[in-house]
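In the part that follows, the structures are each spelled out as structure tokens.
The same chain A turns up in both complexes below, where it pairs with chain B and then with chain C.
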Partner chain A sequence: MSEALSAGPPAVSTVPARARSRAPRGLFAAAALSALLVLLPIAFTFWRAASFGAAEAIDLIFRPLVGELLINTLMITVSTTLVSAVIGTAAAWFVERTHLPGRRAWAVLSAAPLAMPAFISSYAWVSLSQDLQDFTGALLVLTCAYFPLVYLPVAAALRGMDPALEESARALGCNRWTTFIRVVLPQLRPALLGGMLLVALGVLSEFGAFTLLRFRTFTTQIYAEFRTSFDGGGASLLACLLIVICLIVLAFEFRVRGAARYERVDRGTRRAVLRYELGVWRWIVVAGLALLSVTTLGVPLGMIGYWLTQPGAAAVTPADVSPELLFNATISSLGFGLAAALLTTLLVVPLAFLLVRYPTRFATLFERTVFLAQGVPGLVIALAIVSLAVHALQPLYQSATLLVIAYSMLFMPLALVSVRAAFMQAQPRLEETARALGLNWSQTLLRVVLPLAGPGLGAAAAMVFISVVTELNATLLLSPLDTQTLATQVWADTSTMAFAAAAPYAALLTGISLFASGLLFALLGKSALLGERS
Partner chain B sequence: MAYNSFGARLRAVATTLGSAVALTLAAFATVPSAAEAASITLYNAQHEQVVNLLAKDFEKQSGISVKIRNGEGPAMAAQIVAEGAATPADVYFTENSPELMLLEEKGLLNKVDNSTLATVPTRFNSPTGAWVAVTARENVLAYNTTKVQASQLPQSLFDLAKPEWKGKIGIAPSDGDFLPLVSAVLALKGEAQTVQWLKGLKANAQIFDDDEGVVAAVNRGGVATGLINNYYWARLHAELGDAKTRSAIYHFANGDAGAAVNVSGAAVLKSAHNTDGAQKFLAYLVSERAQELMAKSHVMFEYPLHAGVAPDPILKPFAELSPPPLTIQQLGDDSQAGKLLRQAGLL
Partner chain C sequence: MSELRIRGLQKSFDGTPVLHGIDLSVERGTLLALLGPSGSGKTTLLRLLCGFERADGGSVEIDGRRVVGDDLHVPSEQRRIGYVPQEGALFPHLSVADNIVFGLPRAQRRARHRVAELLELVGLPGNFGERAPQQLSGGQQQRVALARALAPSPTLVMLDEPFSSLDAALRLETRQAVASALAATGATAVLVTHDQSEALSLGHEVAVLWNGRLIQTATPETLYRRPVTRELASFVGEAVLLPGMAIRDRVRCELGELSLSGPTGQGAVDVMVRPEQIRLLRAEERMPNGAATYDAVVTEVIFQGQDAGVALQLRSDARTMVRARVPGYLCPRPGEQVRLAVDGEVTAYARA
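After this line comes the complex of A and B, so read on.
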């Protein structure tokens, strides 16, 4: 291994080459461990699928059902991605490039739906009307949940754009619309495409919302296989197909994101962006944005509020809310969230540090491996872990530890992005100065590196915390004996149509998620959302 | 069985390749401790809310606490088989007899106390006394009252496979309750006719994930009729109230396969850590007190099997049902049902 390591690219800094080119063994091993953790369930799923005979596998894959699922899955993915792209871009343009009344409020309201898990809003919509199901319902709920993934990068790109190009276009006779199509849109391409691909990945992995909305996709069928045969293996074949689709999307996302880095090289001074006057149209735009917020936030929150006040069936059935269960579920959700946030952040720190300080080919390989997890639906990872645990890791089977490890496998990519960025901003010179002034490694770490990278680490932990609290698949499959979380309680009550009983859990879950998102927002600074220094 | 050789191969791979990882993970693992004397572990595939209520009541009465893991019947049975002797479960409580029959055949169940078995009619229990029946449920056809007239409803379950029902029937082949219906048809009519029926259904039916989905779609008019177990409709009705209920249920008559009755039952695992507590829980489940709680739960809507406990008034009296003549043994363990569903393209 050390031989391969020294083949890495030469260092480019003032640090002596010998010290730079070779990472400490412990650091390298720790980074390798996180990559291995992510690889384990994916490799296992493929290995499991490969244990089918070729003929049997062909029979299982080329059955009519798989064709139907493929059509459903692709249809909903493409539609949601396109609709999210249009809504996200339109909202971003109006917020960033016009003199819109209440601009800051709309900016926050357009990003906030990210904190509302799709299965909670589908609970709200389904309980409002049983007619909102199948394709239409799925399109509505998923677009509401995922359009901020387009809004956020597009808004950021619009803020960073040089107005000179647009002015030239206008001066050369283009009207607003042609300017947008021919000048603004091409510049938005990396942000827009990147956002769209994230939406696509989200839709491909979605499970809870589809089940509640009675729309069948690969994920719901994988769960159906699990329900009829535990780890019978049929699920692993479907899972492999789904992973392949996801990895194709992920590969596109890598390309787009790679390209985006180059576009941002120029950071020269420029004037503030152009803002257009909307005239009387502004009220129509405001009405549109208001409608969007009502749909994405108003209805879900309103329905939860409505069911909270309804005795409903809860008054006459045992499906009532016991304060004890509510308390226990909340504690479990918070506990898992905190434990997973801590473990995940700890797991990515060595890898992020390796990537920033010792960017060898191996480091990049580990990074890519961890990002694979983004392209593998949580349900698939959870299923693989259940199978692995029951057959080979008995001591961990059904333990809280295993669930926390599963969360880490799922959310390491999320944490890695943020932690790596934090280490990049922490200059190595400061560490060297600290060492030169007589601090040892651990003191340097405690007094220099961590304070510098602190906000980034905090943001990573907060993001993982939010994702874990709102996670459903892995929690459902791996939660330890006699342990309920807010998410699994909402699930249990909603799938038996006990809407009133689900409400307190849904309210607490949404409350925690919104609160933690607000905290994250404060941590990242307002500039992340509004483009202004706070 | 496939999972055995699979498990063996996996263990081999795991020990050679993954032992380092496993050790690292195990280092900070919380090893599940052996069940304490005063608690039992329940693998539950019955309604979570009702079972929570029962478990609490049992705890109060006996001082034995109940730890619950919830899941779907067939999955939990397969899970217990996969876990083998290492299963943490003391008791398995599920919605349909075939899952219990599977565990019985694998020799994983302990005999139930005779006094417990004697509480319910013998014909519903395990033939060897390996599990006890707790409640019964009926297969029915739910229909949307604005889309279908009662007079247009089919005489037999097999009519639904005919071309005139194309697009008018909803089913949930992956629901744990559909497999026993297929097993019932198989036991009554043989394989050829069952496959033919399933292929007809495949051509006609809208597919849903579970019976809740079927009955909800029938009620909102998404599909005209749907094959479900009776209590799904009763539960929807309880939640929506009369005003929003636009559906009703139809009972197949004359001993038609469509009116098959299934039993929910419970068993004590041979590997139980607390056999005594587990037997007490089974005795509790068929006691008058527990059966009254279930019957009045307004969530479960099944027929209590304890003589003298009346079912929810919304249910058709048990004596008036007309199920086909099938014994628990004839219904079997569902091992063929999944295969036939796949053959017909429904799974």
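After this line comes the complex of A and C, so read on.
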């Protein structure tokens, strides 16, 4: 395999000649392990589905239920994606391109909903009104949860756009609106499409929110089939269908990311971005953004606060909170989060290093494989791991170890992006300079590589931590029998409409998530959100 | 008739005045170079003319039509101006041809109206139309940006330091291409630059902006020979400044009695001599016209190929240092004894 490796041309031309040399075998093996780990559950799902006879499979697929699921899933995915695109782009444009009162605050508030898990806002909205179930509620909750995925890249693209482009368009006779349509929007296309596809993937993978909102999609049905006929195989057939839809979306995402590179044509200094005066309209825009923040953050936080003050009996199902359970759930959430953050970061380090220093075709192949996990719903991966464990790894089934490994499989793509960027910062040139100045490799690691890559590694770990704490699917299916986490407790109590009982768990979960997100924000620097040079 | 007429134009940013009452007229078909050091307000003036910023006071007329005035601010898109930004700013999502036709009505855009003609005008091959802007060099991008600005036949073309991001060789070539394209269309143009050689070589007229004020508007020759202030004299070229006494149209200084290019105040003045006006002679040589010569010692030589800068110390007064510019092949050696004489008229500035 390593012979073939050296034949591959380097994917990045800026890498020095040294990089064309062969990667150390250990590094290569470690990187391959990460890729295999991700591939395992996906391959297993297809293998399980393939165990059906063709006729049986066709019977199972072509039934009215699957049609209904398909319509529901596609409808909610398309509408959430479109609404998120409009809201995310509008919010980004107003924040980045107008003299809006409280611009910085709106920038933070427009990104913050990312830290609010969809199933927590579902809990809040359902406890506010049971009428919000079904399609409307699902659209509301998911748009609130996912529009930042459009907002963030579009805002970054708007910040990076050369103001001279818009000025040229104005001088060539375009008014504000035609300038937006003919110049700004085409520039935003990669960011906007990329964000929209991330939203679509998120919605396709969503499970907790749909269950709590009683909206039937592929994920909820897969879970139901798994519950009724444990490891029956019907679930894996549905899962394969869902994986195929997700992979189609993922393929589009790869294309958007890879193809159009609309970077600035020119180099050199750039003026500050153009900002428009809104005049009296600004209060209408502020009101709109305020309404958005109230919907995305205000209502969920408010409802959690409300139920915290209510006695258990006030909810539809009266139940009280046991402080001991609350303590244990918090500890296990934090413990799983930290363990998974550590393991995931460690697992992606070899691959990220390989990608940066030895960018061969195999490295790219491993990278693509890991990114597959991004397109496969967590529920599907969790189910595959359950089956795998039952069939092959019985002693690991429902052990904390397996759960942490499952988390790593799920969130490796997330960590990989950040860790790779971190290694990009620590260029070989700098290391060589340090060695020339008399540092040995361990001193170089300590004084050059880690200070440069450290924030990126920290950011990766923080992102994984946040995702694990707010994760529901794998946790529900794989957590040890006697272990409850904050997420599973919110889910269990909301499912039984014990809203007051769920409140402390939801409050703690949201608190941890928001706090860790704040920490992440600090790690990445304000520039990530506000575009200010530090 | 005047193409561009500016009266008392004012602008401040956050209470700091940037432009103090600018008055300027540009004749039809001429290229005005707007010269100024960085921070002088020249880009602000251009942005006011383009309509990217709002003026605080004053008026602007383009082709007899008022576009800035009391409570009047015609938006950029209705001013019919061509704008060539600093680094071209080609639309990266459009091909070269689509960039060029961007400002035309839809039907003409579809027909790729005049693309080949405009490419030829700016000196690019006609098959460049299908290229992406990313495939072009900096100078080529700049030319396409000019073609794009010229396509809608604007009444006035504004160029914002269009050559500053190019390297020296490319700059000269692009400069020529842009100048001939502008001349061919007979467009009225305003070129903003901080590069004096660019202003002198391209401008039919040069307007100098200094700390937000227009201090001189003149032909390149006049500006170079008779700059209105000492500082400007040093800005538009190398200047040797010597103390002297002015009497009527002549001035007396360490380099003898010289004739003045224009009237100045009488009495104590600073005499400004351009280094290339100082002729170097061998120690025993005399000026053919019998003009006075002065002994000096070469203290330093900066050889630049086609010419050389020579620092000289006068024999008569060791404190007086003079810089001369001589052709490269006549370059003396440090320590050499030479004679020098001043050729042509000089300018003087009254001393406060």
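Operating definition for what follows: the second predicted complex is superposed on the first by the 493 of 534 C-alpha atoms of A that agree within 3 Å, B and C clash if a C-alpha of one lies under 4 Å from a C-alpha of the other, contacts with A are read in each partner's own complex, and residues count from 1 in each chain.
What we mean here is this: a contact is a pair of C-beta atoms (placed from the backbone, for glycine too) under 8 Å apart; a residue touches a chain by one contact, two chains touch by 3 or more.
This structure is a prediction, so every number in the text was calculated from the model and none was measured.
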item	value
Chain A residues touched by each partner, larger count belonging to chain B or chain C	B
Contacts of A:Leu36 with chain B and chain C, given as first, second, both or neither	first
Which superposed partner A:Ala400 touches (first chain B, second chain C, both, neither)	first
Complex contact set, residues of chain C against chain A	50-52, 75-83, 85-94, 102-103, 133-134, 136, 138, 141, 145, 148-149, 152, 158, 165
Complex interface listing, chain A residues touching chain C	162, 164-165, 167-175, 182-183, 186-187, 189, 260, 262-268
Contact set on chain B toward chain A in their complex	2-3, 6-7, 9-11, 13-14, 18, 21-22, 24-26, 28-32, 41, 47-50, 52-53, 67-70, 72, 74-79, 81-83, 86, 88, 174-176, 179, 207-210, 212-213, 216-217, 219-220, 222, 235-236, 238-239, 293, 297-299, 338, 342, 345-347
Touching residues (chain side chain A, partner chain B) in the complex	33, 36-37, 40, 51, 63-65, 130-131, 133-134, 211, 214, 216, 220-221, 223-233, 312-313, 316-319, 325, 388, 390-402, 405, 480-482, 492-493, 495-499, 501
